[in-house]
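Per-chain numbering from 1; labels A, B, C, D and E assigned in written order.
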Amino acid sequence: MEIRTDSTSLDIDRHEGNLIKELRSSSTKPVTEPSGWLSEDLKRNIFLTTVDNVLNWGRKSSLWTETAFTACCTFEFISLSSSRFDIARFGMEVLRSSPRHADLIITAGTLTWKMAPQIKRVYEQMAEPKWVIAMGACGITGGIFADSYSVVPGYNRILPIDVYIPGCPPRPEALLAGIELLRKKVEKRSFLQG
Amino acid sequence: MPELITVGAAISPNLPWSDWQFGFWIHLLIFGIGIISLLLGSVIIFIWLERRLVGRFQRRLGPNRAGPLGLLQSVADVIKILTKEDIVPSRADKLIFWIAPIVAFTPVVLMLAVVPVADGALLADLNIGILFVIAISSITALGVFMAGWASYNKYSILSAMRTVAQLVSYEMPLILSMVGVVIIAGSLSLNDIVKTQTVPFIVLQPAGFFIFFIASLAEINRTPFDLLEADSELVAGYNIEYSGMKFATFYLTEYCEAIVLSTLAATIFLGGWQGPWLPPIVWLLLKIGIVFCFIVWIRSTLPRLRIDQVMGFAWKFLLPLAILNIFVTSIFVALWPETPAWLMGLTNLAILVAYILFWSKLFKPGGKAVAV
Amino acid sequence: MLSEFSLIALFILIVMGFATTLVLIPQALKKIGIVPSKPSEVKYEPYECGLETIGETWVQFKIRYYFYALLLITLDITVIFLYPWAVELKNLGSSSLGVIFSFIGILAVGYIYAWRKGALEWK
Amino acid sequence: MTVAITGEEVVGALDKELKGAVKSVESEGILVQAEKILDIALCVKNNKNLKLDYLVSITGTDYIDYLEVSYLFYSLDNNKRFTLKVRLENKSNPAMPSLTGIWIGAELQEREIYDLLGITFSGHPNMKRIFLWEGFHGHPLRKDFSNGN
Amino acid sequence: MAIKTEPILLNLGPIHPSTHGVFRMRALVDGEVITDIEPVFGYLHRGIEKLAEQKSYRQFIPLTDRLDYVASMNNNLAYVTAVEKLAGIEVPERAEYIRVIMSEIQRIISHLLGIGSFFNDMGTFFTPFFYMFIQKEKLTDLLEMVSGQRLLFNYMRFGGVSHDLPDEFLPALNTFLKEMPAEIDKYERLLKENEIVLARSKKVGILSPDMAINSSASGPVLRASGIEWDIRKADPYSIYDRFDFDIPTGTVGDCYDRYRVRVEELRQSIRILEQAVAGIPKGKVLNPVPLRFRPPEGEVYSHIESNKGELGFHVISDGSDKPYRLHIRAPSLLNLTALRKMLTGWKIADAIIIFGSIDICVGEVDR
């Protein structure tokens, strides 16, 4: 199949346009956190606590972020991983660009409807267990661009969010506090949640 | 050099279990498990060391929250990756997708089988030690290519193609750089090479070490030759579709290759386990650490080369230098055997410097000039 | 001497066994439920910067990549003759120098021919 | 100081038959008919003492009863600037010739005006929406655009 | 007889480690060489120009910060000078000096980030980027002292600036200006004569002068091709005519020249800052303007030399308190006009470097 970017790109664009329209019409309510199945008979606490603690400690102290940065908050995340507010201390300076390796996606910036299918696809392609931090006012409610025709009012229309960090852009210390909140949430996670 | 006669058992006489009836199996057990556990232990330490060192090069602290001084950081990484979901893409070639990490990991560990930890203390004292190392080291290229091709992803295909070009074309300089050492040592077995190194071969053979180090930097895909996993161009290279433990195996292979490179450089050029006061194994680990820190130093300062520059560098610069090195060393050893060590080292260094200056005139930086 | 290689053969088996267990641990843990697994149709599609891949991926690739493999085979033969000569150079003395240098000379002719013809450039 | 070339000066520099195309002359620019814009632009660019060779920006505006597109040029050598305006009365599907033949810089800006205002530029190599996705109804910068998100 | 090979369509997509944000390029790749490439825009299009028509003049100032989010002081300056030109508002002397100081500090920050990410694309794994980031943090502290914000400042108003300089600002700026040239020499020692940098960026992605003019590039991209055009000299706005500085230009117009022009501009900005700090007078910093400010009916186009190039605001007002139409001339978008011709024929590794050397900010491209 001979691919010429110019001639065939119009129908590639049209195909992507339909994807955007479907997603826009289908995502009107916030996506809730997928509650893992918890069958009662597997609740043997003793076995759980030791394995849980070790697993969650491992997951908590090596969260690898996916480079899905969109706009201004990117530079606040970069200044977080730079020498002054060094996030490498928590083992988080590994920026994996493939979703298969990453287990945390920080949505740094405004999400537009044209970008929404891509973010949703990358989130679905991430390997379990995965978490999402909605960073900045644009991530929570669309922020200063909420009433624009092409901005998604908040990431929770597209992805289930674990931690919200307000601020436009939030200071690196606020981002660090958000990450601490996420690490506490990871600590209390029972592996049976799947 | 007394002929090492292996009486019945396959191992050199001075090991305590050499004449015991099950000596062969005990030897295999101790050294087999020893090599794997030593390698994994040092990988855990070296991952932590690299992240701390790169942090220090970038004027920031490395990981220091997980455990004292962050030592448990790599353990945390292992636990997390162990319990990560395993994804096998639907259109991937399933069988090759599964086998690729194993084919990539095994040869790296095998190369340590012939490396002596102390006098005569190695798994198999092959008298063709170096040839075995070279033959085994080219299999990783196969494993990486299988991974890239099987995962049905455009970026990993490009990375697989680059494997074929880069790893294969750096075999030649790697092989020829060790011929100089073999000429002086007069034997292929790594144990004998270490024993004949009254003066470490890096002094006698600076050009040989220069070629060996650069060629193996390319073999283990480290900056400035990290084209396979060039994260700014090909998103994550050949291991883009691997997640969980299979990705960890590739991550492990990368660090095992770095450690094996440092071990080979230490045994062949820096005098292996020889050292005045400390026990032999501590000397070997010390030398491995020094070479590894040098690799990390290069990784955090130099930018990456382009694919055609990498190829041109291997075939046009390293190969003629390697042949020249063999030419000069063989003349010295054949015609004038009892030359003092410093003279041989000096001439070798002089040839290296002259060669680099000669080439720096010819190689003008500036790719093909395409004006728009 | 032969038992040395049997040691190596057994060691190969040990290492391959270790590698396969390393890779298969998550499958076992998945049965117990420690390793989570939520299969979804999009998750198993190839990742390409958040977009569907367009067109075939396994296509006929440029020969330029494989060319260096051919070049390696032609030059690798020297190793078979160089290493034994290198080991025994001390007792062979200077007479073997002439032989080897003529051998390398013939090889160098082929190498320079490839160089001048531009086979080494990356077109 | 980037001094503006006066309208009269440019009209004087135009060839005879192009003078008819000039509708009105303002202090810093002239208003021209849409069809003649290509020849006027070519003449303005190649004229020796004008030499307006740098297209700075194209702005499209929706004045309820017509659409106006204004081109701003610089002459880098003699540090002059000049505006060229075009008005399109037919608002259902407005169209005018594209300047990408003369200035490549116009390509993306004309695609932006097509995307946000709906003016199609004939002769444009890649006339598609630049910012919004194919299948987006309406053109946002029109005054009658309903913000239905 | 070359075997017929099929090109693959590769997406250097919106989520890619080195596309400076959400920028996407559809590349037709044959082996390693790009035969055709098509940039796709719009992944960060927030419709700022439509929002401008629903906000009053004063409410729009914070939106200008989000245009080129690395140069928010210069965006404010461009918008504010446009409206002042339209309404004929006078700006006190001290405010003019403060504006020049803020604009030059922002230029240093933006160039540091631009050069840093250029070397990130080349593969230096963040080391030069973090060295430059340390200097950027010092400047961010200075701007935080003045405006209370770290990245998007919303600092300038019509008729001056919102707050006066705190007392410890000028001494802190002086200490920074004394140590910065030594830092720039440190980067030069690491990168200027580095053989791999030379091999990767010399004569790569050449933009010839007439192509640069024809594709209306501006800023360091235009000057690297050898055209000496800088708004601060050609059409001096605010009080730039009082400072003497020169405009660095390249010769060949390749990636290396663009990098050199940005480094030289760092030094020129330091020169301007030294003169501004020396000459800043006392006095008030704001001629207050009524909240529901209504400029007279009319149309104005005013431009400044922002970090990426000529940033222009075309404001059309119909006498009401909301702008009738506000068009932003984004230098990043117009620097990308020649991108397709510059990248075709090169390898992927070069394409990433050339794209990095143009140094765009997606917030400004998509508005």
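The criterion applied here is as follows: a residue touches a chain if its C-beta (ideal position, glycine included) is under 8 Å from a C-beta of that chain, and two chains touch if they have at least 3 such contacts.
For clarity, every value in this text was computed on a predicted model and none was experimentally measured.
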Where subunit B and subunit C overlap in contact partners, by chain label: A, E
Touching both subunit A and subunit E (chains): B, C, D
Top-ranked pair of chains - ranking by C-beta pairs in contact: B-C
Inter-chain centre distance, subunit D versus subunit E - centres from mean C-alpha coordinates, in Å: 26
Whole-Å separation of chain centres (CA-atom averages), subunit A against subunit D: 43
For subunit A paired with subunit C, centre-to-centre distance based on mean C-alpha positions, whole Å: 38
Euclidean distance of C-alpha centroids - subunit C vs subunit E, Å: 47
In subunit B, residues with contacts to at least two other chains: 58-60, 82-87, 154-155, 157, 161, 231, 235, 240-241, 244, 307-308
Multi-chain contact sites of subunit A, meaning residues that touch two or more partners: 3, 6, 12-13, 16, 55, 68, 82-83, 97-98, 100, 114, 118-119, 122, 125, 128-129, 147-151, 191
Subunit D residues counted as touching two or more neighbouring chains: 129, 131-133, 140, 145
Inter-chain touch pairs (all): A-B, A-C, A-D, A-E, B-C, B-E, C-E, D-E
Of subunit E, residues touching subunit B in the complex: 8, 10, 16-18, 29, 31-32, 119-127, 130-131, 134, 190, 194-200, 202-208, 211, 338, 341-342, 345-350, 352
Sites on subunit A touched by subunit E in the complex: 3-6, 9, 12-13, 66-72, 74-76, 78-79, 82-84, 95, 97, 109-110, 112, 114-115, 118-119, 122, 144-145, 147-151, 168-169, 171
For the subunit E and subunit A complex, residues of the former touching the latter: 7, 9, 13-17, 21-22, 26-28, 36-38, 40, 42-48, 50-51, 54, 62-63, 66, 69-70, 113, 130, 133-134, 136-137, 140, 150-152, 362-363
Subunit B residues touching subunit C - in the complex, by the definition given at the top: 6, 9-10, 24, 27-28, 31-32, 35-36, 82-91, 98, 101-102, 105-106, 109-110, 113, 123-127, 130-132, 134, 149, 151-155, 157, 161-162, 164-165, 168-169, 171-172, 175-176, 179, 182-183, 186-188, 235, 240-241, 244-246, 248-249, 252, 307-308, 311-312, 315-316, 319, 323, 326-327, 330-331, 333-335, 337
Of all residues in subunit A, those that touch subunit D in their complex: 6, 10, 13-14, 16-18, 20-21, 24, 113-114, 147-151
